[in-house]
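The chains carry the letters A, B, C and D, assigned in the order they are written, with residues numbered from 1 in each.
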Amino acid sequence: MAQDDLYRSVVLERAKSPRHAGDLPDAPLHGQGGNPLCGDRVKLHAMVDTQGRIATLRHETRGCAICAASADLMAERVTGQGRAQVSRLQAELVAAVETGIAPEGLGELSVFAPLHQHRSRIRCAMLPWSALTEMLNDEKDR
Amino acid sequence: MAQDDLYRSVVLERAKSPRHAGDLPDAPLHGQGGNPLCGDRVKLHAMVDTQGRIATLRHETRGCAICAASADLMAERVTGQGRAQVSRLQAELVAAVETGIAPEGLGELSVFAPLHQHRSRIRCAMLPWSALTEMLNDEKDR
Amino acid sequence: MDQILTRPGRAADSLRHVRDDFPILSEKVHGKDLVFLDSAASAQKPRQVIDCMAETMRTQYANIHRGLYWMSERTTEAYEGVRDQVAKFLGANAREEIVFTRNSTEAINLVAHSYGSMLRPGQAVVVSEMEHHANLVPWQMLRDRTGIELRVTPVTDDGALDMDALARTLSDGRVGLVAITHMSNVLGTITDARAIADMAHAAGAKVLFDGSQLAVHRRVDVSALDADFYVVTGHKLYGPTGIGVLWARRELLEAMPPFLGGGDMISTVSFERSTWAHVPHKFEAGTPAIIETIGLGAALAYIESIGFDAIGAHEDALTAYALEMLGQVQGLKVIGTAPQRGGVISFTMADVHPHDIATLLDRNGIAVRAGHHCAEPLMRRMGVSATARASFGIYTTPEEIATLAATLEQIRGFFV
Amino acid sequence: MDQILTRPGRAADSLRHVRDDFPILSEKVHGKDLVFLDSAASAQKPRQVIDCMAETMRTQYANIHRGLYWMSERTTEAYEGVRDQVAKFLGANAREEIVFTRNSTEAINLVAHSYGSMLRPGQAVVVSEMEHHANLVPWQMLRDRTGIELRVTPVTDDGALDMDALARTLSDGRVGLVAITHMSNVLGTITDARAIADMAHAAGAKVLFDGSQLAVHRRVDVSALDADFYVVTGHKLYGPTGIGVLWARRELLEAMPPFLGGGDMISTVSFERSTWAHVPHKFEAGTPAIIETIGLGAALAYIESIGFDAIGAHEDALTAYALEMLGQVQGLKVIGTAPQRGGVISFTMADVHPHDIATLLDRNGIAVRAGHHCAEPLMRRMGVSATARASFGIYTTPEEIATLAATLEQIRGFFV
């Protein structure tokens, strides 16, 4: 077995040594998500700037490599983005994992496209994103 | 369809015009049997001689032609017979309907042998016999 | 009787090609060509269904839902895909409203246990006089368990549902559920489900339709019927045995407690307590009938490929023809003459016991059912102890009906 | 890891020819040969089963029990013939002790509803820490319905049943039923059923064994075990989905109230009340899984044609080999090391999440299960949140196990 195209080094590295993991006790925004089936759990903490863009995002993830890497890559990618951009990115990621073809501009997130052959794992990659969306929606509703 | 070998004239005649039907109010022995599935019902009334042989047997049968003819042919055949002979006859009839081949000496009762191709109807032919056996056993146990 | 009186024309002939799809129809019985007129008990299976099941087992099978590997994911997709298909087939609003069961009987028992446990003493369940035991006994058992009341609403002498009497049955407002067949498996009567639903709802009751027979012959649209529960059974729908369907409104399923416990129906389990999965999984405990569900999908696709327009036209023509042909047989009496009816015809013939009729027909290769058809109380209501019953499917032909009528005439000849 | 350490010899090779009977084993997954190591979830089907089911639908099918015609009589005979076969397979005293269900889950639910309704508050049901949800949740639901007590008896750290603790659990004489697995689907542990039965009986309790796993690998003899209830599930026995078996002592079945109501389980029905058919029919409501039951018969015949001596020898050799091979994989830890065990091996591997293990194996064509295996409480007991699990069947080969071990070693390499 050669280096696997789904578990490419970026996935393994981010899972092992995440760059955006940790708590942000003073952050105004906190969210979380879980998958009781496989025990994956994601906690999110975020600061938002005056325009409503994500200034800092930290995650605490317990789960599989797909979920952990997805959380870390997400944190990196959404920094500086507003709600609309987040939901566009999420939609593009869904398209990628459903079809196996990554839309242009998905960047490093396209590493998850091979999940379209592993449908039962798609929710692992999407869990951080749904937690993020929920957190941002909660914030809007406040 | 030619005259059918199972519903031979003897079966149809006995079903339509039984020779041994009726009540025997003063008889010492009474028995009955039923099949809730198809609604067949047989009542038996019998006189027994001093040696325990059946002197007279009458039946009241409500049910299909197979059951009615079987009751009537049975009544005829077992008259004058004791318990042992009845059970031998019954065993021979069972063999006939199970295999389709009538043992020697079954006589007119062999008309039921084709039932081996109609297994769901075997109990129709056997119902009078099981009622008879039960009645004779009850009498012995008294 | 040898001359054929009114052969149905194009309508009935249009499905002639479907016979080629049913391998069993070329079998012989007692040396005669099989004439299968017992589809109401269980239909025969087209090769599309047989091949689909065999192919699934040969190339694409694993246990579903929990497997994180290709075979399991593909099998899960096939299984869950049938849920979408069934939802569409029944006109449901959402796939989550489809619960897979073993058969209609289990579907009704599920409702009786689960929804039934939400009824309170003082409330009543209404069934009709023409119910199959499957839609009577579970309610008797519920009554005996919980003390609810069980009411039986009558049929008219021709075998229609007595709608005035139903109105009276509902009038005290204590009825929690009306459970009535959409088509009688004995009389062939098709009930006016929408009218029944309206009456039930006006009286504050929910309504369950037993669609075991109807769904084979007419398009069902649970939304248009405004039903609350609807059950069908796969083996009558040209599908496999071992698979049936409960459709129920989502909010009802969500409010109902689970029925069977085990794997796949839980969200979390600890020794102390468990929480339940979302609907419909809450109601599907353990490894389901995976291959049979996939086979049911093939059966529904097969039915849709023919279409209910063609099926309805074919069966209406056959039924009219059969009623005419059988009407010519001396001494033959059709039990169930409601104006709205489908291709299930019960009859008696002079004094000939229905069991003798069935056996004599069988000796000529003709399969009909005889007995109480799992509707004993209805037999008493109609004043008979048993009937013979011929029932039709998409593969039934006018010639088969002519053969039936001619053979019945001969049988009658034996007995006079 | 490339060199194969201890290849099992003749014993494991003797069943090599059976692979030809399983068409699916020559499928490819992600371009690789399928290595199917999830038989404990559901086994693959031999062509003998596939062909039998297809042939039944093609040439010999009709609804059973009530049909008075050839096709129905033959189908009834085939169906009821499987009851004899199952009775023999399980060492039952009488065919009447065999009840057909959808699966093990339904069989246990049947007992929980029916026998469970005969238990009184103050009485207890005992399950073990290693039960599948199927043998835990129905008892929780019974507890919540009726107020009986549910006791959980522990396993030891190696995953054996703690017999001393069981003795204590039983000591107050209030236990009505002990419901314990005969082989764990997670740990592979085989329990000492006869000893459990003796302890239960001495304490005045009945005993139910969940034989879902065991019956696939060892000959079951319910009489020798002195069991009261025993359940198995067809799809793990190389048979179809949609068919399972409850065996119970006849006198228990006779004393128990019916579970589901409907056709075929009644003796007589009136609107007022119904009486029940004799056992086992009292427990089989509605049209059963006819084709699947006949398919199960083919599966049992297939198993018997190989014989449990050969199966046991094959699987013991495979299991020993697998434990040795997996033991060489760095960081791999086997969960469940009881001395009495069968070919189901759960493991974790360093920090690699079992789901990642499963997906990476799948990309190499290897199907294993990962997760809580429908035994969440057991996971907590063993101190893990999930495991990967490889399980073996009659078609598993030593080469497949070597491939598994080598691939695991590579996966581990990725993650360090």
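Going forward, contacts are C-beta pairs under 8 Å (C-beta built on N, C-alpha and C of every residue); 3 or more make two chains touch, one makes a residue touch a chain.
Small disclaimer: the values here were computed from a predicted structure and weren't measured.
Chemist: If we look at chain A and chain B, which chains touch each of them?
Modeler: For chain A paired with chain B, the chains in contact with each are C, D, in label order.
Chemist: Going by average Cα coordinates, which chain is farthest removed from chain D?
Modeler: B
Chemist: State, to the nearest whole Å, the distance from the C-alpha centre of chain A to the C-alpha centre of chain D.
Modeler: Chain A and chain D have C-alpha centres separated by 39 Å.
Chemist: Using mean C-alpha positions as chain centres, tell me how far chain A is from chain C in Å, no decimals.
Modeler: Each chain reduced to its C-alpha mean, chain A and chain C end up 48 Å apart.
Chemist: Between chain C and chain D, what distance separates the C-alpha centroids? Give it in angstrom.
Modeler: 32
Chemist: For chain C, give me the residues that contact two or more of the other chains.
Modeler: Within chain C, residues 30, 66-68, 70, 72, 268, 355, 359, 362, 371 contact more than one other chain.
Chemist: Out of chain A, which residues touch more than one other chain, so two or more?
Modeler: Expected reply: 37, 117-118, 121.
Chemist: Over in the complex, which chain B residues touch chain D? Could you list them?
Modeler: 36-37, 117-121
Chemist: Across the complex, what residues on chain C touch chain D?
Modeler: 23-24, 27, 29-30, 34, 36, 38, 41-42, 44-45, 47, 49-51, 53-54, 57-63, 66-72, 102-106, 108-109, 112, 129, 132-134, 136-138, 140-141, 150, 152, 233, 235, 240-243, 258, 260-266, 268-271, 273-274, 285-292, 355, 358-359, 361-362, 366-371, 373-374, 376-377, 380
Chemist: Mind pulling up the chain D residues that touch chain A in the complex?
Modeler: So the residues of chain D in touch with chain A come to 30, 352-353, 355-356, 359-360, 362-364, 371-372, 385-386, 407, 410-411, 414-415.
Chemist: Going by the contact rule at the top, pick out the chain A residues touching chain D in the complex.
Modeler: 1, 3-4, 6-7, 12, 16, 37-39, 63-66, 117-118, 121, 124
Chemist: What part of chain C is in contact with chain A in the complex they form?
Modeler: 66-68, 70, 72-73, 76-77, 267-268
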